[in-house]
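As structure tokens, here come the structures.
First chain A sits with chain B, and in the next complex the same chain sits with chain C.
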Partner chain A sequence: MATQSRQRRRNLWIYAFLMPTFILYGVYTIYPIVASYWYSLVEWNGFSSEQRFVGISNYQAVLADPLFWSSVRITLLFMLVVAPLRIFGAFFLAILLNSPKLPFTKFFRTVYFLPVVTTTAIIGVVMRFILDPAAGPVAAVVGLFGLPPVDLLGESGTALVTTALVYVWKFFGITMIYWLAALQTIPQDVYDAARVDGAGGVRIFRHITLPMLLPFLLIITVLTIEDCFHAFDLMQTMTAGGPFYSTEIIEIYIYRWAFAASIPQLGFASAAAVLFGVLVLVVVALQAWATLTSQRIQSQRSESERTESQIERQVGAQIVRRTGKGRA
Partner chain B sequence: MLEISRLQISRRTFVGGVGVSALAGLLAACTGPSTAPGPGAGIRWWDHFGGLQEQHKAWAAAQAERLGVAVEYSYNEPGRALEALQLANQSKQLPDVYSNIMGLPLPALVDSGWVSPIELSDEALGRLPEGTLVEGISMLDGVVYGLPSLSDRQYWACTWYNSEIAGSVGFEPPRSYDELRAALQSIADDGQFAPMTLALGASERIRDQVDDLAQAAGFPGWQGLRYDTGEYAYDDDTYVNAIELLKEISDNGWLLPGTNSFQIPDARGRWAAGNVGFAIDGPWAPGGVRALNEAHLPKMATAGELTPEGEDLVITRGAPAPTWFVAGNTPHADDVNKLLESFTQDDYQAVLAEAMDQPPLNLDTVADADVIEPYAWLVEDFKKRVFRAPQPQVRNGAANEALALITPVAPHLGDIIQGYLGGDVTDLKGELVKLSATFDKNLDQAIDKASGAGAKVSRDDWAFSDWQRGVDYAY
Partner chain C sequence: MSTLAARRGNDSRTGDETRESADRRPKAMSHRPRRRGWWLVALILAALAFLWVFPFLWMVSASLKSSGEIFQGGLNLIPEALRWENYGRAWTAGQFGQYLLNTVIVTVVTTAIVVVRCALAGYVVGRYRFPGSRLIIGIFVATLFVPTGYTIIPIVKVSLELGLLNSLAGMILALGGASNVAAILIYAGYFRRMPADLEEAAIVDGAGFLRVFLRIMLPLSTPVTATVGILTFLATWNAFFLPLVFSSTNPALRTVSVGMQAFVGENSTDWAGMAAAGVISILPVVVLFVFMQKYFVEGIAGAVKA
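Now for the complex of A and B:
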């Protein structure tokens, strides 16, 4: 009886500690998700109290809008430019910064991480000044070579790439930290043993570092890709989706209909938001499936290689026994 | 008596106690009465007039003293003001007085409880210029719901130029497209200054300016909609010619580098820095320039608004839109009405005039106000050249039901102009034809929906075959 009572009291404490998380998660995550699903089924401008149920017509309207598909294309393009640069660029930088031979590693780690902790909107505004074709430092450098001003953010052909590179620079540090943390998991003994066996830097990287970091690739890729879908603050402050929609990622498309339209279309914007959520889910699921499949194939291959080498060893041993070779 | 030695607090009990207290505090903060400024703490006044911040702060303080109630003034940047009001309304914290930034017609706001009636004394009503309060725009069934403070008699595409550069380079104030071309060419040839800048990145602003230029060029309507037929015609030659003028200016390299992505403060700020000859901006430019670089004010000069051949300018505008609304749930209705009455006073109108932002409702106050000469000249020009336009919702109040249901169009005119100047749009005429068709379709759909809901409205309400250019429209 006393044990049960103690157990109940203990459970009560567990629930008490969990309660703030449940409440905050419910209010700030679950409720908005559920609400946006509801809003996507109604016609509502955010002003009137009337929310007219329209079924799936908001979804039909979103899917029929060429600018929605343009924003999907731009979002995916942005992700395809940004994610590999972040993942592999940060990977090689982390390897470099993890080297015991490199001096001032702490300084360099801080320098690369500094943009991560800087407010994104501030970076967006500052970058506009830096890239200003009339008076920015980039224009000054270009001018030194006698070249005409380059309007990187004002030309639809260069705006997306420019914002993508700024985004990579801004968030490079966070991916680098993931890789550095992953590198810390490789025991130093393994490296030492390899060196004793005469392995050089390239072989150590190829046969120790790379295979041991591979399991981290999945989670880092998933986190980075998911992160790349959220570039609203930087894009809004740098280009606001322009010029002529050339940098309008889905988040800006949603914002434009929800808050920047003369008569806000919250139902339409919510439908676009739900479809965006589905897109993120599909991309991450595809990516996870591809990675897991390649890992499975790889482990099957190494398993079969191991089996083959075991067979070879056994066969070799039998031959040795039969021929008597190898005996002293 | 409690003995301290018996009070055994384990680590778990302590952390748990702190957690529960924090949770209780959080819940109390969510549900309890707020001590922060919010509903009930006095009059809260929000607006989006950046050039009037100091003046409105001072006015709020003076009115608080006069009324004996706190008046808390807050400015919201225009790009965020709409969002702020939406969020305030959803959390039942709408400010008692707020400026009109919503695109919804008055009946929709009344029906949704956003606004409440404004009761003005006879004295205050007597101070308003004739024709200020109009049924369907600021009144419904004789009840006032919105108070205008700013004049409808204004045009928005003013040709501002730097008088010092004009003196140095030697060009005359341009009145026609060719004169502007010649002036820009002379600045470019001189080589010391950039010829021109625009807020091309703010596509809504460039849309307004081209709407204005097209009307000045003779387009018989406003924002693409013809008054005479009630049909959209963005592909009219007046639009095409105005856009082609901008395209030529852009292609000739006469725009300051970066103009393609300039927002309004960027364009105005660069022009106010003193190295750019021309900028197209509204009459409120001096107020904005003062905030950015007051030293530029004496160099400001304007040639009014361009017409293709320098013809006499004729502009039409609808009845004054409400500037101020009173929240539907205000607990301070009496005091708020008194605050709004103060906006009709000559001294408040003088404050508006001296801010050199949008012209005040009573344009006559500008003549005696401390303003730069070009601003005073513009306001005098407005009196001569701006006429009252016909509006479907004034002729038939039910048209408001359809107006509330119109779906916004994207890309709109400003986007197309930006795309055309940047090379993303190649078939201008085709895009404008498509734009007109989309607007026509959206208006028809809105009318159908409103009719289906019982409103007696038809497309005929948008056609004013008796409208005459250069004459105030009377119903």
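Now for the complex of A and C:
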């Protein structure tokens, strides 16, 4: 009896601790996720106006809109440009910055990380001026080479790539930190051992660094790709989806119908939002599946291989190292 | 990039040969040719670093130039004369004094809310099994990646019905209630790893649930609190979507990130004022970053290690 009442008291405390999260997270995250489904089934022309149930006709309208499909394509295209550049570029930079032989590494880390902490919506506005075809510094560089002025954000052919590259620059530092964290999980002993074994820089990189980093590639890819769905701040301030909808990612499409239209189409925008949520879910689920599969393959392979060659070699090298030290 | 890779390859190869041929030579000797290569890499990285921060240098430089000087274009970063009046214009006419105050209020209160609620939730989720605990963790993980564009319409509708839409309080609650699952998970992971005898000793001494948390667990979690606090501070200071929607009908509620766009919308030719406004808005987070770099990096690296 005593333990039971103590248990009950404990549980009361637990629920009390969860209460702030229940309320805030419930109202501002869980409820919106659920309510979006209802809102996507109504006709609703303004936040204070009446809702009228219309069934799936909003979905039909969204799916029939070529601009919606264009925004899906642009969102995915943006991801395809940004993610590889961030993942592999940052990988390369992290390898360099992780070397104990490189001078000023701390300074470089700070500098390359700096854009991450700055306000995206403000950077977006500043970049518009930097890329200004008449008086911006980029135009001055182009002029230096005697080339005709280019309006990188004003042409629908170049606007998406330009914004994608700015996004890469802006958040490169995050992926760099991911890789540096991954690199730091490799103990220095392993390098030392291999070096004593006679392995050079390239061989160490190929046979030790790369295999030990591979498991991190997937999680870093998941995190970086997920990050590509948060481009609203930059896009809205740099191009607002233009010119001619050429940089209109899905979040801007939703924003345009819900908040920027003279008569808001909230039901229609909710249907687009639900479809966006499904897209994000599918991409994340695909990656989670890929991560699990690769982990299974790796653990199988490592059981058969690593035990024999790799670990043996590492242990052997360590013994060599120790005896070597003893001699010295 | 490719030349860098090639150079790196060459370097290590020469290093190897030196080492293999002269195994008994003192280590420092064999390092010398490699060292020079790394200085070259450092030089290239330094040039790239200059390009990397160029937008910020340009912004600071433009904030001190006259508009005529900026319109001439060119790459000169040194202003003819320092025109501090640009800052005065951004501060009063551009209302960045007001926007900065709004941003500070919103950021500080939101950060406090998020830290408190995530520490409480992370503690019980990480340390106790109770009816519904698995379900709660499942919901947290499932909603880890919810984008703002998905939840924004119901958030506005709820806020309107609660009478919170056109207020800083409404903005704060929405920001504090939006997905902060990562923070809860960081706390949960940290509290889970703490040894059980810590609280057992306290319970033997007669301490209750709340006392154990406040006197033992919370003080021990200071490093996590610093990390969560700083990352939340950064995310809130830089937030754009929610503040944009919450201040759409009342310009007095704008934060700096929303105010910047409004400023260039109203003063499209005042480049110097725009740049000054940008410096005013970004400087606080950059200063915070320089002093608290360790916690920034730890918070971000935690996502990979976990």
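Please note the rule applied: the second predicted complex is superposed on the first by the 268 of 328 C-alpha atoms of A that agree within 3 Å, B and C clash if a C-alpha of one lies under 4 Å from a C-alpha of the other, contacts with A are read in each partner's own complex, and residues count from 1 in each chain.
The working rule: a contact is a pair of C-beta atoms (placed from the backbone, for glycine too) under 8 Å apart; a residue touches a chain by one contact, two chains touch by 3 or more.
Small disclaimer: the values here were computed from a predicted structure and weren't measured.
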Now for A:263: first (chain B), second (chain C), both, or neither, which partner does it touch?
first
After lining up the shared chain so the two structures overlap, which partner does A:151 touch, if you call chain B first and chain C second: first, second, both or neither?
first
Check whether A:276 is in contact with chain B, with chain C, with both or with neither, and answer first, second, both or neither.
second
Contacts of A:102 with chain B and chain C, given as first, second, both or neither
second
On chain A, which partner's contacts cover more residues, chain B's or chain C's?
C
Scan A:239 for contacts with chain B and chain C and give back first, second, both or neither.
first
Tell me the contact category for A:17 with respect to chain B and chain C: first, second, both or neither.
both
Report for A:139: first if it touches chain B alone, second if chain C alone, otherwise both or neither.
both
Answer with first, second, both or neither: which of chain B and chain C does A:48 touch in the superposed model?
both
Tell me which partner A:28 touches in the superposition: chain B (first), chain C (second), both or neither.
second
Could you tell me which stretches of chain A are touched by chain B in one complex and by chain C in the other?
13, 17, 20, 23, 47-48, 134, 139, 259
Complex interface listing, chain A residues touching chain C
9-11, 13-15, 17-18, 20-21, 23-25, 27-33, 35-36, 39, 47-48, 89, 92, 96, 99, 101-104, 107-108, 110-115, 117-123, 125-130, 134-137, 139-141, 143-144, 169, 174, 177-178, 180-182, 185, 198, 200-202, 205, 216, 219-220, 223, 226, 229-230, 232-233, 236-237, 250-251, 254-255, 258-259, 266, 269-270, 273-274, 276-277, 280, 284
Given the complex, residues on chain B that touch chain A span 12, 16, 19-20, 22-23, 26, 79, 82-83, 86, 89-90, 102-104, 108-109, 111-114, 194, 200-201, 203, 256-261, 263, 270, 404, 406-408, 410-411, 415, 418-419, 422-425
Per the contact definition, I'd like the list of chain C residues that touch chain A in the complex.
1, 4-5, 8-9, 11-13, 15-16, 19-20, 31, 34-35, 38-39, 41-42, 45-46, 49, 52-56, 58-59, 62, 70-75, 113, 116-118, 120-121, 123-125, 128, 130-131, 136, 139, 143, 145-158, 160, 173-174, 176-180, 184, 209-210, 213, 234, 237-238, 240-241, 244-245, 248, 256-258, 260-261, 264, 271, 274-275, 278, 281-282, 285-286, 288-290, 293, 296-297, 300-301, 303-305
Seen from chain A, its contact residues with chain B in the complex are 13, 16-17, 19-20, 23, 45-50, 67, 132-134, 139, 149, 151, 153-156, 159, 239-240, 242-246, 256-257, 259-265
